[in-house]
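Look at the two complexes coming up: subunit A is in both, with subunit B in one and subunit C in the other.
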Partner chain A sequence: MSATVIRPDRNFKYWIIAPAVFLLLAVGLFPLIYSLIVSFMRIDMMDTDTSFAGLYNYKQLFRDARLWQSLLHTLIITAIALPLELILGLAMAYLFLEKMPGRQIFVSLLVLPTIISPIVAGATWRLLLDNQYGPINQILGWFAGERVNLLWTISPTLVYPAIIFCEIWQWTPFMFLILLAALSNVDKSQTEAAEIDGASFWRSFRYIVLPAIWPVMAIAILIRGLDLFRIFDIIWALTMGGPGTMTETISVYTYNQGFKQFETSYTAAIAFLIIAMLTIIVTWAIRRMGLAK
Partner chain B sequence: MSDLKISNLHKHYGSFHAVKGIDLEVPSGEFTVLVGPSGCGKSTLLRTIAGLEDSSSGTVEIAGRDVTWARPRDRDIAMVFQNYALYPYLNVKDNIAFGLRARKFAEAEVEKRVSRAAGMLGIGHLLKRFPRELSGGQRQRVAIGRAIVRDAVLYLFDEPLSNLDAQLRDDMRVEIKRLHQELGRTMVYVTHDQIEAMTLADRIVLLRDGLIEQQGSPLDLFERPKTRFVAGFLGSPKMNFIPATATETGVALNDGTRLDMPGRSGMKTGQAVVLGLRPQYIAMAGQSLAKGHARVPVTIELVQPTGSRVQATMPLGGASIIAELAAHDVSRPGERTEIDIDMTRAVIIDPKSEQVI
Partner chain C sequence: MVTRRDVGKIGLAAGLAGSTSFAARQAAAADAAQTAVDAAKQFSGQTISIVWEAGLQALDPLNFSGPKWKELTGIDVKVVEVSTAEMFTKIMQDYKSGAGAYDALNVIPSWMPDLVNAGALEDLDPYVDKYGYREELQKIASTYRDNQMMVNGKIYGFPDDGDVFVMYFRKDIFADPAVQAAFKEKTGKDLAVPATWADFDVTGAALTEILKDKNMYGAGFFRQPPYTMFMFQERFRNEGGKFFDADSMKATINSDVGVKVLTDMREENKWMPPGVEQWGFVENLAAFLQGQTAMTISWPPYGRWAAGYGTDQEVLSWVPKSTIAGKVGYAMPPGGHPELAAGFCLSVASTSKNKEAAYLFIQWLNSEATSLQRVQLPYALRDPFRDSHFTSAEYLAKWPDAKHYLAALQAGATNGLLDLSVLQTDKYEEVLRQMISKLWAGEDPKAIADAAAAEWDAITDKIGVDKQKEVYSSWASKSGAYPKM
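Then we have the complex of A and B:
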């Protein structure tokens, strides 16, 4: 009688993970492919034309001045807010590097803005900045000695400062926390040696601290850069892209096209434009920052 | 002239009193070693001299200038750290040149000094390497190079050899001694290793609990310790301490053994004392050339050969003592034999005050 040979099914493990993989594909890849398909059709609120329209929508992109303006708005906000968040975060991290009484409590308090949902933070700031009932105008009034009526979320000269201020308020702590962790890991005896060697703060920062914290700092810059590129909530809460389209960023514009104008196919094309741009930027940045090593 | 003068220096960390009033003067060109057990305040003292810690009270003068509140960079010092503290993102050359460039030396001068320092330390071929590509000994040489490349008034060493293995430590010790002889600079060196202290120092400053216990030349401390702590800290193997009673002519051990002491002084007859005997001043009977030795019968319990010498453990007067004997003299464990104790070198300690009488 021959012994029964048990042959374990080598493919069994694949069967086990199959449902999870299928689910991921269904919720991740399917919408992506579907929207790619949609971007080659002409679906809008009036018409559901599912025939192949070629590059019609993509050609439209290049003629759409509002799209390129919204991209410009996005870049302006990113270019101002990102360096400010970085510098402020780094300065705060330096401040909290020394052991001092109450350090833990202050760090926890400072991090609070980051854990608030951005839309809630935006709504809060909208109330704070309200021109009639907001405390900010009231406090400014105390200093000015007269009633102040600054239209923070309406006036063309004030909306960008207001948006960028809120953005910085909410996300500087993120930079602060990450940079604090990075700075705490810099070997203290190296900076002490540099100090004895006669190095200035900048020299010591440039040659010792910066190279040590760079990998972490680069990732923080990348994450915040991507977040800023997709900025939506704070603007939606404060100005909804206004006055007019003055603060309309790429995300706000995409949302308006998709869910206010119901230009479904065109919106899909915008989405793919954004994906393409971000892919190029991220790939370049990762290479440039030496993070791939 | 003294290059370093410390007056009544105190350092508190919160409620912890690390340095409790130290007065110290280091003459120009002297190699001073601060030594003591861990927690005695020696590293804190050095870091306060460097300006890496603020003093709680008291003053630090370097080259006749009060630098108590000066920044480290303005003190004209160079320092070697225990963990080397090399700059990891600069190569060896840039590491050594860092201080010169920070002080705006001309590049030609930097070049000249770096190659001279590298040559002295035998690391000329490593200049293009990065610290992570060096062995522990090479890193320590770079760290020393970084210090000696500058003309500082004072060179500080914070346990520079304690991260090295035993063989390298011996080599580097020789190297540091040689550097001091060549450069003739004032150096302050912290260590917990009494052999480093003995071999390197012109003067040892022995610290205990934030105070100077005794200072003087290595031999002075070795031969004439003022307290039981000093007697026990310096020397390897450690000094033997045996409880005894003073007699008319010397001391009597607890088992009745009487040891005569030539030149006995300071003790009251009948007083309880502690007899301190260095293992080096005990020999097998008949081997000792010293006059005034005492011959005692003993039973050898344990033998630890160290090469040409042997450390033999034996009971004497109710204590267990170690004698360092010539290797060929030693009997086997369990054997009864006689030893000669050089009583002229014996130390008598008051057990209450722990002071040497």
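Then we have the complex of A and C:
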């Protein structure tokens, strides 16, 4: 009697994952490479010129003042909204850390804005901020004792506060939820010991709580930072980038170039500029925040 | 005679009401509509798609013409509703992808050079000849027929919507002796519907002061940039402005006229209702129908709804109830040459897999017999565009002042100004929209006009000066491009 030893195919595992890998390459890598190729052509609404155009579109990027302005607008919104969301989210998380009556209901209610589609949230805020029919001017009018006619989505001085307020309203609960989870996992014995030793709240926070929640907080900052960098929906619903191009962010500008002006190749070049910038920023942030460890 | 109640039934019962007279008319003469129906029967059981502006406009094919076409030919009509802002994009995307998802199209006439140059539209001449439609096409009002139908000498769209700006004013206010006396005292002039923009500014400002106690304003306009862009184009040309230097193709929207128009527009906001800068179509409509403004300028549906025509229908329940029915007069906007703002042509997509059936559908829609029914649908926003529409006994009897209304539309069609239509029109229009937006934000009119002109020049340079010059010259030579001074 002879025993036949069946050796498992050592490559079988690769065959198993091959369809998934192929799918990922098809829907992820192929469009990326194709966009890169398109960015070296001169395809626009009028021409489908697929001949190699060299760095033409990339040179255009540096001459396009509106592009850099839109990038600046994006950074302004990010630089203001992100810290405010973080601080408010952290404060709210501290507030709800202790057990209190109705805590779960309040937490659920607070999270509601994050489950609304941003475009719906933007459209809703546009109605709320409408100077003729919106309740916000009406409520302000009650306090002022006269009709208030603030043009929230037109006035250059009001339009950024309006956008940032909407953004904070919708996404602070996201920060709050994540930070609440992180704070709940902080070892209370350490903070209690520090308190007994006479450490102030701030010292306790700085040297015990912050190091404990930092990995989670850093991830939250990173996610929200990236979200803010690609902010589109709320701006589109509220101002469409106006007045003029005053609130046009990089995403709004890219959309306008790609899908309204049909500057296909140039838009591909913008997309690769954004990818390059984000790669640098994210890599730097991950190292700086110690997330790579 | 068809009453307003009958018209209501037309809308809700998918064209059942009125179909008797409709069918009779078709039977009486082998007109273009009947020809299209007869020929289309060979495609019975098939489905064609048509891109239509979302909202009220689309109720025409959804409630009336689509079901009627199915009943007559057995062809299903799939209505693809797209917002106006997305229509060009969707049509181009479909064309560029070669998907052929759309058979028939609604196209804004100013887009036609771009769509034709891209290859997205089908040349309709062979079909027009094959189905004997040329004669009926000639009965479209000349402004639309001569200016909005052809590109490079070929037919690419049937003008199908008589969009034109009309000035609506409160007859009762202008005829009120007390208001007339106060106006005379304040301005030294007799109160009259303004014929020039200078008169408009004086009249509007004075009426705002005189009517203050009644909580009324001299005038209100839609001021959101997409609408105001059309108003700027109209006013700029009525005041003598030209878009380009015809020789160099340098933009001249920053001329003295351009700066004056921008400056005046912003000054007017001071005596118009607070927040008018944010007004769109609906806000302006609401203010006028509720009696808050004495004058406004808008598209033809305002006139119908102000008279209360069709507003009892459920689909128009959002239209504020008119408090001014019977009190509205119709006139040409100041300058006398109204903008033929937007409008629609019916076209066939070059990527359609069912071009013949698509063509027959649009011929039937656009024909004298069918279009007369369609422009009377109170909810569908299609405005009279054929000579016969303006003189239709049925339409003239719709409300007491309908004859004045139709006369104003006909005058508008005769004197109207075409939207600028060159290569990549939307890029130029986008600059104008940005310009208006900056104007409301308080920036210096001269500076924003200069910036806009520079952007126009950059667009022209990119397209190619000679290439654009050829298209612009062709457009500028049309009868409705600039007023005859």
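Keep this in mind: the second predicted complex is superposed on the first by the 276 of 293 C-alpha atoms of A that agree within 3 Å, B and C clash if a C-alpha of one lies under 4 Å from a C-alpha of the other, contacts with A are read in each partner's own complex, and residues count from 1 in each chain.
One rule holds in what follows: a contact is a pair of C-beta atoms (placed from the backbone, for glycine too) under 8 Å apart; a residue touches a chain by one contact, two chains touch by 3 or more.
What you are looking at is a predicted structure, and each value in this text was computed from that prediction instead of being measured.
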Quiz item: Quick one: subunit B and subunit C on subunit A, clash or fit?
Solution: fit
Quiz item: Between the C-alpha centres of subunit B and subunit C, what angle is found at the C-alpha centre of subunit A, to the nearest 10 degrees?
Solution: 150
Quiz prompt | First, second, both or neither for A:200, with subunit B first and subunit C second | solution = first
Quiz item: Quick one: subunit B or subunit C, who's touching more of subunit A?
Solution: C
Quiz item: If you stack the two complexes on chain A, which partner ends up touching A:208: first (subunit B), second (subunit C), both, or neither?
Solution: first
Quiz item: Can A:243 be said to touch subunit B (first), subunit C (second), both, or neither?
Solution: second
Practice problem: Go through the superposed model and pick first if A:74 touches only subunit B, second if only subunit C, both, or neither. | Solution: neither
Exercise. Please indicate which partner A:190 is in contact with in the superposed arrangement: first for subunit B, second for subunit C, both, or neither.
Key: first
Quiz prompt | Nearest Cα pair across subunit B and subunit C, whole Å | solution = 53
Quiz item: Both subunit B and subunit C contact which residues of subunit A?
Solution: none
Self-check item: subunit A contact footprint on subunit B (complex, rising order)
Solution: 50-52, 71-73, 75, 77-79, 81-83, 85-90, 98-99, 102-103, 146, 150
Exercise. Sort out for me which residues of subunit C touch subunit A in the complex.
Key: 89, 92-93, 96, 114, 117-118, 225, 274-275, 277-279, 283, 423-424, 426-427, 430, 434-435, 437-438, 440-443, 448, 463
Self-check item: Contact set on subunit A toward subunit C in their complex
Solution: 45-46, 48, 130-132, 147, 149, 151, 153-156, 242-246, 256, 259-262
Quiz item: Taking the complex as given, what residues does subunit A use to touch subunit B?
Solution: 187, 189-190, 192-200, 203, 207-208, 211-212
